Amino acid sequence: MTLSLQLFLASGGILWLTGLYGLWRNSDPIRRIISLNIMGSGVFLVMVTLARRETSTDPVLHALVVTGLVVAVSATAFALRLAVASQQEKR
Amino acid sequence: MNAALVSMVVPFFAAMLVLMWRPQQQSWLVIVASIVSLLAAMMALLSVIDSGPQSLNLGGWESPLAIRFQLMPVNALLIVTTAVIHLIVVCFAASSHHCQSIKQAFWPLALLLHGSLVALWLSMDLFNWYVTLELLGLAAVSLVTLAGHKALRAALDYLLLSLFASLTYLLGVVMLYGQYGTLDIALLATLTEADRVTQTALLLISAGLMLKAALWPLHLWLPAAHSSAPTPVSALLSALVVKAPLFILWLLWSRVAPSELAVPMGFWLALLGGGALMIGGWSACRTPHLKTLVAYSTVAQLGYGLLALGLLLHWQLNDLQAALWLFVVAHALAKTSMFLAAGEIQASTGKKRLNSLRGMTLTMPVALFAFAVAGGSLIGLPPSGGFIAKWLLIQPMLIEPAHWPWALLVIIATLLSAAYVFRVVSQGFRQSSVSATATEHGKSAQWLALLPAILVWLMALFSEPLLQLMDVFSA
Amino acid sequence: MAASELILDLILCLVLLSLAVAVVEVKRLYDSIILFIAFGLILSITWARLGAPDLALAEAAIGAGITGVLLMAAYANLAPKKHLQNSHRSWLAVGFSLAAMVWLVLSLIPLADSPESLVAVAEQAMADSGVTHPVTAVLLNFRAWDTLLELVVLLLALLGMQQLRLPSLKIAYPWPLLNAWGRYLAPLTIVIGGYLLWRGSSGPGGAFQSGALLAAGLIVLRLNHVIPGLSWQHAWLRCSVLCGAGFFLIIACLTAWLGQGWLDYPASYSASLIFIIEFLATISIAVTLAWLVTGQQEAAS
Amino acid sequence: MMTDIQTILPVAIVLSSLIPGLLIFSLKESQHRLRITLNLAGVFSKLLLVGWMLHGVSQGQQFSFNITFLPGADLILQGDALSLQFVALSSVLWLATTIYAIGYLEGSAFRSRFFGYFSLCVSATVGLALAGNLVTFLVFYELLTLATFPLVVHRGTDAAIRAGKVYLAYTVSGGVLVLMGVALLHALAGTPDFIPGGYLSPLVDQHQAGLTLAFVLMVLGLGVKAALLPVHGWLPQAMVAPAPVSALLHAVAVVKAGAFGIIRLVYDVYGIETLSLLQLTEGLMILAAATIIYGSIRALQQTEIKKRLAYSTVSQVSYITLGVAMLGPIAAIGALVHLVHQGLMKITLFFCAGNFAETLNIHHIREMNGLGQRMPLTMAAFTIGALGMIGVPPIAGFISKWYLGLGALETGQSWILWVFVCSGLLNAAYFLPLLYRGWFAKPAVEWAAHPQAKRPASVWNETHWMLLWPTLFTALLAIVTGILAGSDFSPLAWAQLIVAREFAP
């Protein structure tokens, strides 16, 4: 079990970095927002994996992930709207 | 503690009331809410002075499970500062003619920002800070977008960087939780060891917070966002919002981090602070636009905070935290004044550039005076709040000959800040070709811009109780 | 057994990672969005695999579903020339990322062996929480303050979007199939949403999942022009957006004023209080999310 | 009862100019009677209060007021003999300058702003003089910088703004150096009150480097205002300011603030003993001597009247520094009395220059030919000031130079005598041609045909009475203090009192 936990932890970290890389690499706001979501997914993956370390899962971490998800979706919605607005302005 | 909760809840409720009933005359409601919040904040401060730090476990659960609030002298002071600045800013927004167009949307956002800030100051929980930081970020970005189309690009960059910073912060928090199984600052402080996980986690958290606080070299978003925002918003952002991450950074490194990590990190933080002072000051001296100058000055002044924090950690000197927080409070007041004055001037001339300030001593004397007086505190001229803070900062630098190079840094920073402040002021004294007609309108807004500047100079007279307050805490 | 599970995990991870890299690297924005939605679905499978069914549900509804709709909507409203990747690959960025990867992974791996958590404490407190599902207990009782603030985050996102004064989403002529399906789908989501909410006190589910589902239903109805555009003019809409956070805050104040302390529910009422809060929160979440997706209807138009 | 007054009096002296100043800011341009009333009320109440305190101090009373400020450093205002020397000088000259300025600025714009800042400057100067410890001194020292800047740029022309920037660059840098010096001393020794003989002697062994650095920092910082050699550049530039500003502030208040600071530093902070142990005054002496010679030479090269006077100020103020640095009692008397005498003479000269410019638009030396026929009284005042500067008896300047020379002999620094001789000759070289032109040269144009003004009906009307009378008043003072130097109430007697207290074992 530990091995696959390590695997998921590492994947979470790499996802986070992939998002970071995407953020750096892209200039288009929508792609940047997607990259941010990937970063977020990486963090959530780490959290869910950590919750799995004991026989019973850690409810606190799960609750934190739920909160994090809602925060992420609100921010994403707002950011996308802003991106559209700012690009429409440019035209 | 209850008073502090009232100070936090009142803005939240007021925001909901404004949103729900949408009264035509909203300003009185907002001002009353701010006054109530300020009174409650003062009562909280008094209660801390009387009976020392207080702790509250939300929901009545045991400490590792519950989110914990703690009222200490430092955050009581910050709550009062927040309330004072919000009160001044909403009064300014209500009285300035140039803020008419943004009012409807401004009130609820400003109130939510106020409540969120107080929630952040009170909390002692790493994840709860993540939520409050998100609140602050969203509220701040929404407020920036009030300026209309020109500000959208800056707002978007601000939002993306802020979200990125939050996720960086969150990863670090999760790692700390994974390692130590708690999110509470006080508990973590007893557990942490100087291992690899802790180090990485702390670095991630710090990177996220430094980005949010626009600490050099992660400051690039700040000048665009703060200068394109509407005037009252710029004041709130520069004065308060960027200080919130600094607060967390301070608690984290001075409490949670083991000293093996904190001492070397302190050195680097102090160096970065020095960099902020130099680069921020230099950029402020170069920019042709008034509000951008003020925004760069925020970058530079945050460098003082970082320098104080870094040296506090590096030398393990708790005395420096008084310097750190007095810097924060003094800068908050002075910067409010500067932004309000600059914004009022810019709105009335309709031009962004510095040279539109010609003849301002005649047309808008109070606004220019406010700018100069606030600038005096930023430079650190006595007897102002900024001076007290700087004085406390340089004392430990001077006592050891080995520390003298840091003092040199402060000298250069002071000269740079003097250079950019007087760059503006001397423009105001320049003769203007425009026929000199003193404008009567907007007088009250100008006086409101002057008010925080006067407060920051009054701070010097009350330095004794302020310092005692800080001592209560470090004892 | 363990080996086969490990292989499954390995495959999951590889798929996730390669999808993520593809999302970042593909040329066309449209592909990137589609891949991201797929990524969200795989992620929710991963979470189910990791013993987090309620999170899997939330991720499927919120992460993949609503975010996907949002992305597609934004895509539809953007200038076409913006869709191509413009920058060349930065080897500096790649190099930095690889170095950071090694460092980050090395610091993450030890965490698998340090089982420090609040599991025991939470289990102990469950009896007094008023609910039986631990995640709900954490969300609405142990760390209720986080949840309250999170409702405010939603509200702020809505306020921010609202005052951008964008025209409402361009909604094409309803797709016939969608139209037909929508009439069945929407009521179904309401039923499932209600079930999830009710179930939340004892099993996987709860306010966020059901709110997200309800929002999806509302969105479908809106896309079919069954319900009119959402506007701040309507008092009942304002009411439903604010009721979650507002009621929560009132309860918090009342417990601090009359009861034992901030958010400290009286033991005998805690179950019902939590249910009312969840119910109102669900309404707020559903309306806010739907509103965020479909956009503000200008009063004038 | 008496104790109350002894606490309040120092504050009252500062407030007597501060409050009218703040009130004047709020006045409209047109409320010009009220403004004059406020100004004069401030001036006379200040004179009254200073007179009261002078009396008290000569009787040996202590005046002191303090409020808490920084940890270990209160804000203290106190009146001792040394402060009063400076306070009395600035108050009397404020009277003269206020009347002069009212006449000078009649009808021009921004008068509320001008008089507001002018009063703030005087308040800062007086506060600086009354400061009871280094931190208080620092506070007023920086305030003085701030309050003088608007006066330098008052005219708002490009030249004025440029000069203002130069002024700020020098004075703010100087201020920072002083701040660092004060903070360094505070870190080492705290900030006790000024005390004759200084308070640093216990630290000499342990903190030699710190004390040396602090001294260098502060002398450099104070040297900016005192116009010591490498950092004197702002003073000639600042001459774009209106004449009353040049007269009171740049000839007296600001430069004397620097010199006064050096006096305090040497006598009441470090103390003579400590300084001779640290061997720091040698450098200060050389710097001052060099400034004296350099200022004189530069003055000789100037063709504008105000510029020449400005470089003369650079040179003359360093007499004070030199006298202090010699560390002997007689030289100290010379330095202290020169503080007053030079002020009286130099303000007279600047008033005269202002009168020439205002009445006949004369700015350059070559235009002065035959001025004595047109403006005999002003020219007479100018002559008194110039001769005093050269050191001709019985004018005040002679007294101070005499004591300085004696002091040089007493401390065995005979090379300084040569500096004085040399400087005296240079003084004569740059002042006497002006006198010659004024009295004996033929004017280029007949005064009757001069475009600016017709010949006045009577001698007393050669220029506006508000410009003329202050000039004559200060010129008279310069003679009287010289002639009556031996009496009990002269600046000389007061300087002897100070030195008796400072050098008392």
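Lettered A, B, C and D in written order, each chain numbered from 1.
Everything below uses one rule, namely that a residue touches a chain if its C-beta (ideal position, glycine included) is under 8 Å from a C-beta of that chain, and two chains touch if they have at least 3 such contacts.
The structure presented is a predicted model; accordingly, all values stated were derived computationally and were not measured.
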Report the chain ID whose CA centroid sits closest to the centroid of the full protein CA set. B
Find the two chains joined by the most C-beta pairs in contact, please. A-C
Taking the mean of the CA coordinates per chain, how far is chain C from chain D in Å? 74
For chain A and chain B, let me know how many angstrom lie between their CA-based centres, rounded off. 28
Counting in whole Å, what is the centre-to-centre distance of chain B and chain D, each centre being its mean C-alpha position? 43
Distance-wise, how many Å sit between the C-alpha centres of chain A and chain D, to the nearest whole number? 69
Contacts with 2+ other chains: residues of chain C: 104, 108, 111, 117-118, 122, 142-143, 146, 150, 153, 156-157, 160, 164
Could you check chain B for residues that touch two or more other chains and list them? 65, 127, 131, 134, 138, 141-142, 145, 152, 175, 177-178
So which stretches of chain D touch two or more other chains? none
Chain-chain contacts as defined at top: A-B, A-C, B-C, B-D
Note which residues of chain D are touching chain B in the complex, please. 67-71, 75, 109-110, 113, 135, 138-139, 142-143, 146, 149-150, 153-158, 160-161, 164-165, 168-169, 172-173, 175-177, 179-180, 183-184, 186-188, 209-210, 213
Quick one: which bits of chain B touch chain A in the complex? Just the residue numbers, please. 65, 127, 130-131, 134, 137-138, 141-142, 145, 149, 152-153, 155-156, 159-160, 163-164, 167, 170-171, 174-175, 177-178
In the complex of these two chains, what residues of chain A are touching chain C? 1-22, 24-28, 30-31, 33-35, 37-38, 41, 44-46, 48-54, 56-67, 69-78, 80-85, 87-88, 91
Chain A-touching residues of chain C, taken from the complex the two chains share: 2, 5-6, 9-10, 13, 16-17, 20-21, 23-24, 29, 32-33, 36, 39-40, 43, 46-47, 50-52, 54-55, 58-59, 62-63, 66-67, 70-71, 73-75, 77-79, 82-83, 85-87, 89-90, 93-94, 97, 100-101, 104-105, 108-109, 111-113, 115, 117-119, 122-123, 134-135, 137-139, 142-143, 146-147, 150, 153-154, 156-158, 160-161, 164, 166, 206, 208, 285, 288-289, 292-293, 295
Can you list the chain C residues touching chain B in their complex? 103-104, 106-108, 110-111, 114, 116-118, 121-122, 125, 141-146, 149-150, 152-153, 155-157, 159-160, 162-164, 235, 238-239, 242, 245-246, 249, 252-253, 256, 260-265
